[in-house]
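The block underneath contains the structure these notes are about, expressed in structure tokens.
Here the chain labels run A, B, C and D in written order, and each chain numbers its own residues starting at 1.
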């Protein structure tokens, strides 16, 4: 049943890819067909994935395609069901959001077909990755996902930035794919077969399994965007159409996480705690660097993309802790860490898509993507502003919203480090927790900046002053996502008890204590170690607010609110240029963590060409400047040198062939 | 039987006819029809072979087995599609006066002649004839390379001629040595150079002679495969000849040369007590693969670039055959098909692109997708396919090759991986700006027949998603012949 | 059931006492600076007056500006209801552990900072920027301190932490000493006292908290101020619970409750005294010295954690 | 068996092969086009003689056919074609000063040694009297290549190429008493066509580039000049 629903979802997504081609006569018809089918696919996917997760299904199937001796194996279990749920949920939201959003492309010279086609294929690819049960079909689905998303990134290819981003994205996706392929190859060379079931069966020596682990870490990390493999991410995600950015940032990264979990927990089987340490440290680095880089961005979508790096880092921290515990056989705690990571996957998918959709709405309505040009939008787009606020609160990990729960669970996992016998780990884990705290606090700072600069204050540009609220589709999708953010924040106990199914299959162990105190209390380890009553918190804040309000209400009549200009210290009226900008807001942090970025500042004294002076700030990514650009230059230099063998003189060519012959003759006559 | 002879005779006759009666209006159409007939007969041949096993003609001159039957089919197919493409293309060239009627006559005659030599080389059982046919292929194409009579094309033709001539001469010496070794087993028989015979007695052949012979054969036919450092003729010849020529050079000639080398490897390696031939092939393959991949970054001419990509892929296949083992061999055999299909499709689109932009300079071809979406998209998708992205067949073969390499010699995987990534980057850094972006002024769509390209890409896609059983069986039997062990 | 009643009583007591603590600190400071200060109950008068006054809103103010005071106040009250005041084992304690408590404060701060950005004056933005910077530096240190505690007592629930410490015979943990110092520094920073922030000034270059609420008037301002007072009180209670738990009631019988109440009173009396002395002795530091200050706090907590791992685990 | 025990016929064959090698050296050193062609023709003639002798001594009479083809192609047709081209292109008086002849000679000697060294194992196998000639023919081939490398004039390169062909043919004849007939015919046909094509190319090059100096064929390259 569940599998059939997923089939339906895939078929519908495929239909949304190809059917519009038939309707290409009228863009409206093709658009509607595409998005309706995408929505249907999302709907069925949500149902199927949800059933697979809740019902602990374990179905296998085989399709008569693929290699002649290896048909395409499919398999649906809670893990894939969970991620299918995510993918389909967000694609459903994208389907609701899309029709109004792509309207701007219709009148433009931009043909709509490539967008719908590759969106459908993109979703198909992601769904198939979840189902694939052998290396070959996994790789096909994986690369289908990569390539179609590449075309989506390159969709508005008239812009140089899009082309460049798309190229870098595809290149790194290719490299990552090769690494993953190698990882599977290592397993296959021992199991002798490509299907996952036989890969699970084999026992690898520590050296080989560690090699496979490293390959998988790099390969999937390339897609997930761990530092320093993240450079494609802040370039590719912003330039795609916003609902695609939501899909890419919201769920495609999760697909990478899925692959990693599948590879490490399911295929490799026995986990070594050293891997956990590696993953944990990578997670810490990605989280902290991601948020620090995000703080310095002024392009809204680019900022959000860097936050994806941060959140992926947090997920990896959860995974790392879980792997450490699994390696030192504390399966229950490993389950706790895994659940924290998965929960954060869910949350990040929700609030990151919400934020990207909001950013898209802003972009569409105000034509601005630069924070420094925004401001005061809350008055002009109230619904978007409200949903965006919820997104900001969630991503800043503030109670009672969902982001907080997963980070809290991660903290709780870290707290249990005391039971480890290896005291170095015991000392390291709290430090990682401190890093997590720093990350959360900086994220909060960053989103105060975003929300404050973008929605509050006075509009900094004419476009923003004239912006209006978006259409109903985008509003609806944002409201739904915001509601889900609240839901998963307020009812964590139920969610955890469902996600537990995955841990019970993978580790295998659950968290019996976590939900033992009823739906109200979440007690990961035991009630007197730590507890979090999310509904109570929600009620508490609400009731406190209500009481205060009721208490003040009777006097309200006596004392209306007087609207007056803001206090301007007697210097004449305030204008928008007097506000704190995004740059100035982050200046203290920039000064404190200076070495993290490549910073080029220059201040031009007031002169004739710049009355009032000019201040320019350029913040660069060290990874890009110090790792990737040198490699590129080296490659070009090598190519230039290698080109010398094609020098143009035929006699030289003859010399090559001559000496090749002599050399080989000499070799064989040895 | 009849099908085989027909397959060989039709192009032969066509060559003579085209040569005899000069160019006229419908020559292109006739060319197409002839290729179609050849394709049909080769299809018939394939069916025969499929129904009643492998055939050897009386007099043992021709021998069709699993290894060459599908290559014959591919040859005929690529010949057909290329002729479909060449009709409007050459008509355009004639219109803009790059060629005149006389050269059109030469062109069509030599087109058929080339196909003939290819088919003979594939289907013959006599190693001497094999050599003659491959040399004949050189002679047939050398004038086509210099068809435009520009200084560049003449230079390219000359280099092609001299380098391949020298290489082929070495191959002949290798053949002589093989003959010399065989001559001792059955002195003075005409059947001495028959592959089918030699294969059965390969264990009696003299290893030292065979080793020497293999060196000459590898260097000789390797020149035609385009193995670095014997490759220098290849980019010139591909870039300066007419585009249909480049398509069949890349799609067929290289394959046939590789086919010859592999035939000899099958013959010689069992007779030796060492694996030197395999190592040599791996070395050549890896070298060509990496050098071509790097050189892709340094290209200005679109056709040169794709010829380097051809070198890269031939290197990959040579490497795979060198690795040996069923997985790698199966992958290599598959790669021969998908590469020739994809690469010829790409060259066809490249031809259209060059006509659209009026130049072969990469820097001046821009925004194809905007100018002519069909060409732009097929070009891009073809590049994606050749770059080894699923669900296209190239990925399948590279996947097999990878896993095989990991199994047999894992330490070679890293260079392979880096090479693939580098080559991919080199290809895409040039292709992407050509298809994307705003088109420059005065870049107009041309009359293009998309059928061949779409057909090829569809086939490659199909092979990527699932390999039909017939083909799988043939490949498997070929694998058994090459390495003695199959997959299925 | 009476647990819940007690919880409500405690919360309302907290609400009532908070201004007194602030007033007490102010009064002592005045005395130390030999000024004729306002009486300790002055804050009550201020709040009362503010609640009566009308609200003047800036034209550019958005709903956020009007919502923020209620959220800040509500969250702080909720936080207060979770922290054991003079009795442990209250049912509300299970709502949140220390980390959630940090989350509560963070939520309040989030809206406070947004409110600061809302009107669009330079001051508000400056205040928010500084506030978020300080807090983002303070939180790791605070969490490290809490972790150090939790590693010893195997819990992050305040109630069970306190109970554990009560049940133990008096012991001297080096880790506690370090983290106590660290958390003290953090508490000073979080509650916006000298040397980090000066609650008594409106000098534009030095203020942080005041800058954010500069545009507030009437009841909004009252709620904000009251929230700040509550925060000070809560931090005091926290330090008391964790480091001087003695006297707090672990049952709901009248006598222990009375003792608990008195002990709390004493603790806060002493705390206010020491705070006042410290604030008189110290000068507010430059904003860019704050990182060093909080870095010190973090190092102290880190040392605490390490000394726990190295010395106390065996 | 020692050289003395060989029959006179075989000794004659070996002598001929030595002379063929000599002609290769002459080709290497020869600077004037016309005499280059003549030398090439004489090499062809020696080849023809050798083939006849082997046919006679071994009693493989089909070798006479190939001998005849050699005579026709290598002695008459190709040299005639080349001379005609030289006349038509009016380059008969061209003198190509070969760079560093002494070095090239030494290299040639080294090549002969090398080919002998390579052919040693084969020599052990064969019981034919003419077995040593494999080394000679290999040397002729390599010398032909060396010539193509050292000469800049297209005509000289062609001559080098053809002398390589001679070496191949010689190898086929002396080591194995000739290839199967069909192969021989094919090879001969290829040589014929190749010669004609070379002729065509000379004119194309002359027309297109203006000189028959292959060093001027350097338009196609990857190097940034």
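Definition applied: a contact is a pair of C-beta atoms (placed from the backbone, for glycine too) under 8 Å apart; a residue touches a chain by one contact, two chains touch by 3 or more.
Model, not experiment: these values are computed from the prediction.
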Chain with minimal offset from the mean of all protein Cα atoms: A
Reference subunit A; chain at largest CA-centroid distance: D
Rounded Å distance, subunit A centre to subunit C centre (Cα mean): 35
Subunit B-subunit D separation of Cα centroids, rounded to whole Å: 31
Rounded Å distance between subunit A and subunit D, as computed from the means of their C-alpha atoms: 70
Distance between chain centroids, defined by C-alpha means - subunit C, subunit D (Å): 101
Residues of subunit B touching at least two other chains: 158-159, 162, 166, 170, 212, 235, 295, 298
Subunit A: positions in contact with at least two other chains: 640, 643, 646, 650, 654, 657, 661, 665, 669
Subunit D: positions in contact with at least two other chains: 118, 121, 145, 148, 214, 217-220, 222
Residues of subunit A touching subunit C in the complex: 375-376, 378-379, 389, 393, 396-399, 404, 408, 411-412, 414-415, 418, 423, 426-427, 430-431, 433-435, 437-438, 440-442, 444-445, 447-449, 451-453, 455-458, 521, 527-533, 536-537, 540-542, 544-545, 548-549, 552, 555, 559-568, 574, 576, 578-580, 584-589, 591-592
Complex interface listing, subunit A residues touching subunit D: 640, 643-644, 646-651, 654-655, 657-658, 661-662, 665-666, 669
In the complex, subunit B residues that touch subunit D: 61, 126, 128-129, 131-132, 135-136, 139, 142-143, 146, 149-152, 154-159, 161-162, 165-166, 169-170, 172-173, 176-177, 179-180, 183-184, 188, 190, 192-193, 206, 208-209, 212, 235-236, 239-240, 295, 298-299
Subunit A to subunit B touching residues, read off their complex: 64-69, 109, 111, 136, 139-140, 143-144, 146-147, 154, 157-158, 160, 163, 166-167, 170-171, 174-175, 178-179, 181-182, 184-186, 188-189, 194, 635-636, 638-640, 642-643, 645-646, 650, 653-654, 656-657, 660-661, 664-665, 667-669
Subunit D - residues contacting subunit B, complex: 60, 118, 121-122, 125-126, 134, 138, 141, 145, 148, 154, 157, 161, 164-165, 167-168, 171-172, 175-177, 179-183, 186-187, 189-190, 193-194, 197-198, 200-201, 204-205, 207-209, 214, 217-220, 222
